[in-house]
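Below you'll find the structures, each written out as structure tokens.
Note that chain A is present in both complexes that follow, paired respectively with chain B and with chain C.
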Partner chain A sequence: MKPELLSQLLADVEQKRSVVLCTDLASGAARLVHPYAPEAGVDPALVAACREAADADRSQKWDGPGGTVFLRVFHPPVRLVVVGAVHIAQSLGRMAQLAGYDVLVVDPRRAFATEQRFLGIPLSTEWPDEALKRIGVDRRTAVVTMTHDPKIDDPALVAALRSDAFYVGALGSKKTQEARRERLRRQGFPEAELARICGPVGLPIGAVSPGEMAISILSQLVEKLRKPAGSKPA
Partner chain B sequence: MSDHSDVLHQVAAWSRTGVGVALATVVSTWGSAPRPAGSLLAVNERGEFVGSVSGGCIEGAVVAEAVAAIADGKHRLLEYGVTNDRAWEVGLACGGTIQVYVEKIG
Partner chain C sequence: MSADDIYHDALVRLSREATGAGRLEAPGGTAVVDNPLCGDRVTVDVRLEGGKVAALAHEVRGCLLCQASAAILGRLGPGSTGEEIAAAREGLVAMLDGAPPPAGRFAELAVFEPVRSVKSRRRCAVLPFEALGEAIARAGR
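For the complex of A and B:
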């Protein structure tokens, strides 16, 4: 690989752009393809193959007209927006960072969202719908609400349901969930949309402590990311 | 920070100081290979490395090939697995097979 190509690749990685490094395994010739903003003049079949690999987040070989090409997918980190700077969010934020995710904790209540309580975790005191709009929720973003306060949680869930977020979770008991679903129904969300909300949130592993709750939520998030409905197991 | 970004930054850092570097990439796997396609291992001319292409079972062999690639400038497509005739030497304990592409940077 030429040093110039490596520099371009590093620039894409640092600026958090999805990019595919395409290497001809016989000749060693390599180029970059941006699957969601393809450059002009690239073989459309190669662009389509890169797009497919990027969508599946799976680096793979592609048999092109000129031989076998390896498509190495580089995505920016998965993003997790935690709404509610509550106790569980402290564990969830740290664990998600260990898993390699970009975490943002959002809570307009300044008493909760303090740097002291969330050392090393990016914080925002915006209203969650504003924060979600600003960062641009995409198909590699997860949103989990944790405040139990409809004034804060509901706008976040509305924004998440209107986005391509791969995971939408809402903390709260079955009773809380039903009340929430009813409020969202009145806002016009059909059942199929409401079904996207994982609530009660997390896999049912009997989690009790905040750390265990974080493990249960992260496990469910990974499952949605890596084994989306209808996909082949990884 | 993600795995791949760590490896690429190390490659760039070595390159900047004029040290020869090669990058090894898992390009396909069969069976129960420990690391998926796309896994990266960067190696410098002194044999120092970051990242991984397996659970550790073939790293030694890949590092040796990478050092050779830095010396001769040629890229290589390597295959390791239980069916490989060198399996006794660098086989994958898990019973999988992996193909690794190794190229010099520069």
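For the complex of A and C:
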């Protein structure tokens, strides 16, 4: 790889931009394509192929007009925003980090959101809508609410639903979920949008402890990421 | 009395009025005060003239009690001195602890009487007063 290409690639990785390294398998010639912000003048078919590989998060070969090209996908880490500095968040945050995700725990209740309780996990005491606006929620961001306080959870869910977040989860019993759906309905969200909320959050594995619930939530997150409804498994 | 009962009509009306909501362009003092247990957060901008509040604005992220209290301050704050605000705050705290509502200008604080029975929510009603007091102190320096 030419040094300039490597520098650009490293810059993209550092600045958390998705990029695809396209290498012509016959000649070895390589170029970078930004699938979500393609440069002008790039063959649209190549951009589309890069976009498909990026969306699926799967590096793969592509038979282009000039020959076979290998598309190597580089994505920034998946991000998980946990709203609620509660027990489950303590487990979920650490487990998500171990899984290779960037984690941010948000809770305006400073008594809960302490460094001692969340050692090594990025914390914010902003209100969730403020935090989500600041970081920018995209298709590689997951948002899970668990404060049990609608005052704090609802704004987070509203912001998440208005974004492309791939996973929106809400802790709470079936009764709580219905009350929440009703509140969001009154704010104008159609049923299709409300259906995006996974609630009660987590795969139904009978989880009991905060650690087990974190596992069920993380598993559901991975499933949503790798097997989004209506597409082939990534 | 449960936590739900404290949200009576007068408080709902006040929070909807939201008198004074916003920011000031050139405040003399600003303060941000939050309740670490519930996350309520009040930002108050104030401008003093001749030792009295000439203008004030508040930004509230918080529960209905906090919003209602800020709305009362938005209406009754202008024209008050720092001492009057501090006295109103003390009167509110005392009332929440069982004393009769304050007399005079801030008698309206009686709307928070039901909050007496829900100890965990008392500070929510007082928070805007704390923020205004601190903003006034900073404006005075």
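By definition in this document, the second predicted complex is superposed on the first by the 233 of 234 C-alpha atoms of A that agree within 3 Å, B and C clash if a C-alpha of one lies under 4 Å from a C-alpha of the other, contacts with A are read in each partner's own complex, and residues count from 1 in each chain.
The rule is simple: a contact is a pair of C-beta atoms (placed from the backbone, for glycine too) under 8 Å apart; a residue touches a chain by one contact, two chains touch by 3 or more.
Source: prediction; values computed, not measured.
Asker: Regarding the shared-chain residue A:7, is it in contact with chain B (first), chain C (second), both, or neither?
Answerer: Only chain B is touched by A:7; chain C is not.
Asker: Return first, second, both or neither, reflecting whether A:61 touches chain B, chain C, both chains, or no partner chain.
Answerer: So A:61 only meets chain B here.
Asker: Is A:108 in contact with chain B, with chain C, with both, or with neither (first, second, both, neither)?
Answerer: In the superposition, A:108 contacts chain C only.
Asker: For A:151, is the partner it touches chain B (first), chain C (second), both, or none of the two (neither)?
Answerer: The answer is second: A:151 touches chain C but not chain B.
Asker: Touching A:173 in the superposition: chain B (first), chain C (second), both, neither?
Answerer: Touch partners of A:173: none, neither chain B nor chain C.
Asker: Going by the touch definition up top, name the partner, chain B or chain C, that contacts more of chain A.
Answerer: The partner that reaches more residues of chain A in the superposed model: B.
Asker: Could you tell me if A:209 is touching chain B, chain C, both of them or neither one (first, second, both, neither)?
Answerer: In the superposition, A:209 contacts neither chain B nor chain C.
Asker: Would you tell me the residues on chain A in contact with chain B in one complex that are also in contact with chain C in the other?
Answerer: Touching chain B and chain C on chain A: no residues.
Asker: Which of the residues in chain A end up touching chain C in this complex?
Answerer: Residues of chain A touching chain C: 107-111, 125, 127, 149, 151-152.
Asker: For chain B, which residues are in contact with chain A within the complex?
Answerer: Chain B residues touching chain A: 1-5, 8-9, 11-12, 15, 23, 25, 27-28, 36-38, 75, 77, 101, 103-106.
Asker: Provide the residue numbers of chain C that touch chain A in the complex, in ascending order.
Answerer: 34-41, 61-63
Asker: Which chain A residues qualify as touching chain B in the complex?
Answerer: 1-3, 6-7, 9-10, 13-14, 23, 25, 28, 58-61, 70, 72-74, 77, 100, 234
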